[in-house]
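Two complexes, one shared chain (subunit A), two partners (subunit B, subunit C).
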Partner chain A sequence: MNGGARIAGTPASRSSEMLLLFSLSGETFGITVSNVSEVLDPIPPTEIPNADPFAAAVVNVRGAIVPLIDIRRRLRIRVTTEDGDTRIVVLDLPIGGVPTKIAMIADAVTKVIETDLGALEPIPELGARWPKKFVEGVARHDGDLVVLLDPQTLFDPDEPTAPDMQETTT
Partner chain B sequence: MRLSIKTKLGGAFGAILLLLSALVYVAISSLSQTNATVDRLVDESAEAVRLAAAIREPVALVFANARGVVMSDTPELLERRYEASEENFAEIRALEAELEPLLAPQEAETLARFRESWETLEAHLEEVHTLTQDNSNVRARNLAFERLTPLAENIGAAIDALDARVASIPAIDREAVLQIELKVMDDLRDIETMLLSTILAQTDEDMERFMAEAATSLAEAETALDDLQAALGSYASRELEAVLSAWGELAALSGEIKTLATERTNLIAWDIVETTSQPVRLEATAAINELSDSLKADMAAAKAAAAAAYGTSRSVLIGVAVTALLVGLSAAAWISLSISRGLGRAVDVARKVSIGDLDVDTRHSARDEIGDLLRAMGEMTGTLGKMSAVAEAISRGDLTVEARRRSDADALGIAFERMLRKLREVVRDADRSSDGVAEGANAMSAAAEQLSQGATEQAAAAQQASSAMEEMVANIRQSADNASQTEKIATQSAEEATKSGQAVADAVKAMRTIAEKINIIQEIARQTDLLALNAAVEAARAGQHGKGFAVVASEVRKLAERSQQAAQEIGELSSTTLEVSTRAGEMLQALVPSIRRTSDLVEEISAATQEQNTGAEQINQAIRELDAVIQQNAASSTEAASVSAELATQSDELRKVIGFFHLEAATKPRNSPQAPLPASSGPIDAVPGTRTIPKAKSALIPNGHADGVELDLGSDAEFEAY
Partner chain C sequence: MSDTATTMFVQEARDLLEGLEDMLLDLEADPRPEKVDAVFRALHTIKGSGAMFGFDDLSQFTHHFEDAFDKVREGRLAVDGRLVDLSLRARDLMRSLLEDAEGARTREAEARAVLIRATADLTGPGTQADRATSAQAAAPPKEATRFDIFFRPAPDDLINGMRPDLLIEEIGALGPISVALDLGRVPPLDDLDPTRCWLGWHMSLTTSQGEDALRDVFIFADEAELTITPHTAMAAPEPDSPAPDDPAPARDAAVTRGGGSIRVESQRLDDMMDRLGELVIVQARLDQISRRIGDPMLETVVEEIDRLVTGLRDTTLSTRMLPIEMVFGKFRRVVRDLSGELEKTVALVTEGGETEIDKSVIDKLSEPLVHMIRNAIDHGIDDAETRRKAGKPAGGTVRLSATQEGGEVLITIADDGRGLDADAIRARAVERGLIEEAAVLSEAELHQLIFAPGFSTAKELTSISGRGVGMDAVKTTVDALRGQIQVASTAGRGTAITLRLPVSLAIIDGLLVRLGDAVYVIPLSSVEECVELDLAERHRESGRTMLQIRETLVPFLDLADIFNQPASTEPRRRVVIVRADGARLGLVVDDILGQNQTVIKTLSVFHRDVAGFAGATILGDGAVALILDVAVMIRTALEARDTPSVRLRRQAR
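For the complex of A and B:
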């Protein structure tokens, strides 16, 4: 099924794609629905001592231990406190060829939209805040810009982690 | 003539004293006579007897000493004994000198005889002394013992030496020589013996004989010596020479002894003592014995004379004493009888006077001190009678009489004077005082009336005060009622406010519950929203097949969002309501204490009003008591008026009583009795416009009086006793 979705999402056949929109620090990001397993209310994480800051904690999702990834570090986005809209998005990703459940924190999960991937625009070279490799492009939706993230790179554990943003931004 | 007790006693005692002095005179004279006799007996006769006896002793001693003088061996002894005899003579002389004045003439003659004898004796002693001092016998004896015997021994020794010499010379006829020598020795012993006998011979014949024999022996010895010389011839001439020379000494000594022996002084002296002095001594002793006897006879005579004198004087003394006794007894009987009779009279009179009988008879015939005493008692009864007359006048009320003291020691008289003076003063003062009392009674009556009037006015004022108080009490009671109502209302308000507060609190609670519930709804809406999202995700993942479901999910999401929004709005509204109602509750809570405080204050006001009511009641009570006191005052003033009237009457009575005494001869008319007191007004009444004040405690205020207000006195039960 994932494979099918993945195939469906290939640029060749891409015409429209379902995106799950979520916001981080006021910015709207999008991720393809085919990679999403489910959306949950926040679960109290368990810190792992001496773990990589990229995956510092794990959460219990219906009995399965899932690493909790804080993508804001990689995206150099300021970490905001949890509120009533905070959600955990559980993803199903093939990492290293192995389908893996990964949890990530979102300030809010907005909706599911259908967008035309052909209308994707690259992010401008200048003034871009986010590392280019993590972003597939920018889509428009209702006058807003939606940053479409590339889950393959974003959740690659071998990617160098950006310096700790918390220390610099807060 | 006046024959007083003094005279009688003087006479009697004089007679007794005269007799007594006669007695004493006789006694003294006989005693002195006896004394003289005794003196003579003791001092002269006895002394003379003693002296006569004493003289005898030295006389005997003199003789003994004279003998001793003669027989003394040594001159010292002799001298001592001679001195002793001299002392004896001196003693005799002294005693004799003492004795001589004590003697009668014929006794003096005897003494002279004695003196003659002892003077002779003294001469003899002197002679003996002279002789003994010579002491030839003794010397001869000493010569014999001291020289004769050693000389004889020398001769013996010389003859022995000669014999020894002769023995060594054969030429000599030893036998013849020995014969001669024996003859010489025999002669020598004879001479010695004769010489000693000569010395010790008692008589002249013996001495002569012994001397002749001594001379014979001496001659024979010399012849023998001559024979010896012839026999010896020229041999042993030296030894012979010694014998001869010793013999020569013997011859010389024998001559000397003979001379001494012939003197014989001691013997002569002895002779004098033994023969010549002895009769003289006897004579002296006889004389002194005679003297002693004569003196003893004298003493016996003197004793007899003294005894006779004692007998005489005893009989004289007894006679005089008996006379004195008789005189004294008779005089004592006479005097004591007369005195006791007179004093008995006097005692009778005094007893009668002491029981007040002044009419006793005090006449007495005797003209002595008893008579004087009775007369004096008569005078005493007279003056006592005068005193009693004065007392009688005073008892009749006559104070004009005069009582004079008879002397400064007259205590009764002085007391009468003082009594009269005091009585006059007292009566005068009492008179004056009764006037004053009457005036005072009048004044008091007027004062009582005024007092009564004042009491009436006081009563009216008290009534007015009472009615005013009544009004005040009514006002106070109303205030109390209002206050208590207000208190009730305030309490109710407080309770209601509390309840309102409670209701608001309940409303707040309900609101809070609503808010919670809305939260649940919100949560449900959110969950629904999440579920719808997940459904959308699932639908999207289902691709084309999930399109319809996606629409549903989208609708569900929209509904959820709407419900969430509505819930949020409701929540906001409810929170606002909650806030408002909470504030309302707080305000109500704040209101409750204020209302409660108000209630408390109103309660206090109510209590104060109650106290005021009680106070007003007390004041009312006080006014009632005041009224009672006023009533009593009125009664008392009435009583005072009656008492003052009584006092006036009593003072009148007193005046009458005092009128009994007359102070002056012409009694001045007394002040006319005081104007009668105004009739005592009795119970005070008749102050116009006021009501009668009853004398006794009666109902204070009649009901329905115009001015008064009836005091409510019946509601004491609701007050506590203070």
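For the complex of A and C:
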């Protein structure tokens, strides 16, 4: 059931970087491909009672118990229930010096692009709804804005969770 | 000489020194000749092989103690506390000479000289001279006997570092000797492997020494062929010599050769355990798939695999099992040293040393047990005067026992001291802000307070127990091993502290329970019983709802409340009665699904501050189930006893 595609890729050169693009509540985000281990179809989660809503559950990824993380809780994006193309992006990140697997929820995974890191723009002061520290910058792709996330701050386990966002159920 | 051989020597010498400590302590209690011989043999082996492997300092130092025990063997020196004291210290020094030859040589040269002098004082003049001459000078001359000796090293002995020339030299020092070489086994040159030994020696020795002295020379050539035939009319063995098959050499052989056992790096055992854990999970999945398909042929194979995996699991677990005697042994020394230091007479009694427990548990047990023993002797057992006034024997007893009970090993440290002073504990706990002045606590709850961080009721700090790490360190270690601590104490009669530890850390037996759609695992070792909620009578007591389980009232909590979930609407619910740290609690769940073998996986850094879970496991259908940490649940329930809604608090790290 976990028939996901493995994504292989290394940065093509120093200044250009392969990004995996995914969407969350209508916004497009990017994360460097070198952090991505695989993309999977949804896995039934096991909720951890009383856990931080940012990491509310765990999932079984090929025999490993991996935290399931909803980055919308940190980016202050409303959580909408969509019956779309939900995917789980499995990341391999060093956290506190320890290689750690993380499963991140994405509404959809769109594509892999190559982008010039030199051309990153800072996020605009106005209308920046997400906390700046989680964002490395904004890139333009096909006329759209792609928000490049900083995995080291975004997945910092010691980061306090923002006050609860009201869940919208439509 | 290869490094491997040296490593092997160091390992064997370590084992010998480990054993030597036990032997010396045994000797003090019961100085039978066999035990003296056992000590002498151990010293002799260390001296001999030490010189062979270039540990000259160790060898020379050991020589002095071998001398002393030679005198004991000959009945010219009595075993007393002073000798055992000195020997224990010498044994420690030998250990450091073995581990760190260079460092110890310079650092402990003085200590060595002091010990050698002290030994010389004890054994009388002439000790430092050659052993044979001193023996001749002091002992009444025995009639000389002629021995025919045949000695043929095992083929591998040379590779392992044996020096037959040194052995022959040593035996030659015992008296006039003639040696003839036996070349009968030497193969044709084409087949000759020069690293193997093909030679044998016929020797004819006339000596006043007994046959044992001869055999001692060859003591570490234990794979060699050796025959010693006493000649003349006095061919019969000396009547006072120990039987040749006395148990001591057999024990030596067991320690050094392992009687068909091998040494394995513990990391490899850990790896094996990890693989097995994966296998158990996959096997559970296979089982489920096979049941869904319902093919009889598949089912037969799956059953077979099931049987094999179970066997493999038991075998693998058993390879990691070690007798708890391995840690118990160390404490005899601790108790002996401490009772000397505190001038209290304390005897250590150990029981159930053969009880087996996982190596990873044993490795972590030593420190907390030492601490508890120190506490028992320092704070528990009074001085002889006070004890006499209380009508007790002047000498105290610390009893260390182990038994297995289901999947748990119970280790109890009991002393016959003054017992815990409940009032002093309460006063100190209030002073430290651990409890409210008006708090109503049961005796068991009061006793648990001694494990609170920073708690100590000793009036003044002593070098023994008052070093900042209190019983809370013990508690932390035991918690980390997923164990529990129970305290039983009677004022004036003594204290017994029992550690309940899982036999194995990697795999536990779990009880699967359901709450809503979620499945949780409760470690079976903390489950006392399960009852139907509707059938149990409910009582109210000081604002709490209690369940009546037969004669006793047990507080209970709804798991749905603890987990902040909507109240269950299931009509027939059940209560699992769990026990931890001497307290009981009922956990209300929707259903009980059964038991299973559970491979424990730890939760990630993102969930480390969520209280109430000991880890997680993967079920047969691939779903993740959380494993409840019963001790934390009970603690939280007790803390929150006065608040109407009980929620697990997020713990600060």
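For the reader, a short list of remarks on this structure follows.
Heads up, the rule we're going with is that the second predicted complex is superposed on the first by the 150 of 170 C-alpha atoms of A that agree within 3 Å, B and C clash if a C-alpha of one lies under 4 Å from a C-alpha of the other, contacts with A are read in each partner's own complex, and residues count from 1 in each chain.
Operating definition for what follows: a residue touches a chain if its C-beta (ideal position, glycine included) is under 8 Å from a C-beta of that chain, and two chains touch if they have at least 3 such contacts.
Everything quoted here is computed from the prediction, not taken from an experiment.
In the superposed pair of complexes, A:Ile48 makes contact with subunit C only, with no contact to subunit B. Contacts of A:Val98 after superposition: subunit C is touched, whereas subunit B is not reached. In the superposed model, A:Pro157 lies in contact with subunit C only, and not with subunit B. When subunit B and subunit C are set side by side, the one touching more residues of subunit A is C. Using the contact criterion defined above for the overlaid structures, shared-chain residue A:Val79 touches neither subunit B nor subunit C, since it reaches no partner. In the superposed model, A:Val112 makes contact with subunit B only, not with subunit C.
By the touch criterion defined above, A:Ile65 lies against subunit C but remains apart from subunit B after alignment on the C-alpha atoms of chain A. Residues of subunit A that lie in the contact sets of both subunit B and subunit C are absent, per the superposition on chain A. Here subunit B touches subunit A in the complex through residues 526, 530, 533-534, 536-537, 539-541, 543, 550, 557, going by the rule given at the top. Against subunit C, the residues of subunit A that register as touching in their complex are 44, 46-52, 54-55, 58-60, 63-67, 69, 95-96, 98, 100, 102, 157.
For subunit A in complex with subunit B, the touching residues are 1, 5, 8, 18, 20, 33-34, 36, 38-41, 84, 87, 109, 111-112, 114.
The touching residues of subunit C, counted against subunit A in their complex, run 278, 281-282, 518, 562-565, 601, 603-608, 610-613, 616, 618, 622-626, 647-648, 650.
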